[in-house]
């Protein structure tokens, strides 16, 4: 029956599955993303009123923390670029994130480092205290405490795995002037604006996206942007005054 | 004008002293409180917005016969067994309340006693504390059987007696369907605007009784809510004693002998109450065969966002329950609506009440107005954890003898300072909104009254 | 370096102790099965339990905790008005009184315990309700927050063996710890400073309401209970939503918790 190996059968046996796989792969969005992505480049601008810095007189532990502390609500560059805003793409979920080293949060001279951090879901958070005084680190999501622990002087290593995406605030109840923020994402499409207010989000599929913009003083806004197939211009997004 | 300025200066001075003294006593709030709070180990604010007013939990606790809302805990809570008796610790059912005006300053035109000649305006300042002392014993005998006894001693009037005393039988049938009270009860206890538990202390008439079926000499008006008042000039109880037009009566009586039933059979949103009483001011040895009866319904709305509101309507049907200058019986009835709205720190009350006298003798038809109305609006605002500000407007469209009756409109302002949740100092000022006359009626003689007082519950 | 001793938590000794407790628990549980007070959570028909719980909630709980469990019932405002505490918002899934670590959900038994014992000063105890009724309420209030469904495990912390006898030595060690852990910054041992070293308004809860640390000389006012194990639990787990943090990982040695508890209780004992 070897003669019966007709071209049609060969096609059926060999090429059909290959063809189907090929077609499916074209349709599959996962592959499409890998094949065609672009980089979103933008700049966040703010031209509204800038609140004056908050001055805190430190009563407790001034020998470590310093006598005063200035909290600057908004920082902009010369041309109005908004520094330290968090930009993220909404509605993205890249499935299971990879295992990552812990995000280290240090208490150093009564300041949190980083005071604006980004973490991924399932990433451990490790709180450390480098100061010679006792600190407590109180991290909260919008509604719940994530952790509120006390750290002895020069101690490190209280760890907890982050489970849910969303913004978190960091505070120390003992030193009310200490502030910090952590944003947790379940995808890689996010950035913090640099000193010029600029940001870059690479490997983003082209198309229309909703960007979420967060700033500690100005709040959160949403903007719809369209990312072209190739190149594209620098996006300028104006952050409205609160 | 000079007089007004004097009063104002005095007011400011007194307020200053008051604040100074109150600051001396300021201590952080803990829970050191009357019977039920002791029993359940909670602060007053679990059941009161601010003492003596009840919040919704307090209202439900009262409805449920001194058992926590949703429970029938009468026999179990903080009690010990002694034979087949369950005994409560005395401090868990005994409480007392001491209140009065430490200082009062009333400005009015006084009429010489028994005379028809108008007097000159007077400004009377005096010390009066304490005026009223009440001793309460209340609680549960066993599951769903409660008791309440209030002994009141009015030191100014030198009168002591049982103010209210009754038994309650609760949760007859399914939970919250029917609760019975029997004894000397306050009929309006469950309505939106109850007679008792006023944030503005009731200030009584200053009257001299001139004998049976004779009108008394009244020198000072009672500063109590007009909606609850008797409203008629020239009305007597069956014993021949004058019913003062400003005294609370009928559905709003402080206490009457009778029996009533209330419940919430359809859920939390609706309350019914039906009761039957001897009649207006009818003591033991009732001379009045036909009874008075009343029905009240109350609708409760909203249970979230720090908001709640309720509306109640009632009808009180009197039968041969009063007399009008002759020995003929008349029937005195009352209909009304009341509402209470609470939203965050604001607590607002309104009551509009219509009184009617029927079966009037023909000879009196032209001289006696058979309809009277009363309106009371009140708002309290909790400005801080300790300071309660209040305002109340009262309007009485009086009925009764046409040549006697005088309508009045009063505005009351109040500030209460809570040293602790059970100890309050208060300032109160009542203003007559009508033009002042040197006339015969205290409703017009009265100009202004200023009080500094204290209200303590333990 | 007190930190170095932190891993002691997972020392063999503790493990052995846990194993022992587990074994004893199994043995006791085997012989005491009909006991209604066992901490096993009933596996009865859940939806029936929830609907019974709803009925009870709407009678007994709604006036403070609100229709939707937001802690905003008609009586919620006047309870504290301008200062903490306000009634718990079940929708947020954050609980002060837990046997679980900081930031975690309470166990069902924790919720039951609060309903049964109330909160001194602020919530009456509902021990008069049948235990099954109270379990039904637990089932219902868990419905308000999806977090209970999303969380598969709620594991209580394990307290070291104790309490220890409140002798002079133990109280002295407790005093040392009290200073080391800066307890007096909030919990001034003297009643004259209710806010410790803070000014009024500096200590706030999650709703930005003023919160007053408890007077340690009045254990009966402790909201999470005043038995040694209750106080130990409050210190170890922290009270989420308040400035009170968890000291579980901070204590130099596990048994230190009992010294600290003895010191706290010494404020109310005649010297």
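A few comments on the model shown:
For clarity, chains are labelled A, B and C in written order, and residue numbers in each chain start from 1.
Here, a residue touches a chain if its C-beta (ideal position, glycine included) is under 8 Å from a C-beta of that chain, and two chains touch if they have at least 3 such contacts.
On a predicted model such as this, the values are computed, not experimentally measured, just so you know.
By C-beta contact pairs, the most connected chain pair is B-C.
Centrality by Cα centroid goes to chain C. When each chain is reduced to the average of its Cα atoms, B sits farthest from chain C. Centres computed as Cα averages put chain A at a distance of 62 Å from chain B. Here the spacing of chain A and chain C, counted between their Cα centres, is 34 Å. Here the spacing of chain B and chain C, counted between their Cα centres, is 43 Å.
Counting partner chains per residue, chain C has no residue touching two or more of them.
Of all residues in chain C, those touching chain A in their complex are 2-3, 6, 91-94, 102-103, 147, 180-182, 185, 197, 202-203, 206, 238, 240-241, 243-250, 252. Residues 60, 134, 136, 138-140, 143-152, 154-158, 160, 173-174, 176 of chain A touch chain C in their complex.
Touching chain C in their complex are the following residues of chain B: 28, 30-31, 40-43, 45-46, 48-50, 55-57, 60, 67-73, 76-77, 175-176, 267-268, 302-308, 342, 344-345, 382, 384-385. Of all the residues in chain C, the ones that touch chain B in their complex are 56, 58-64, 66-68, 70, 72-83, 118, 120-129, 194, 212, 215, 218, 220-221.
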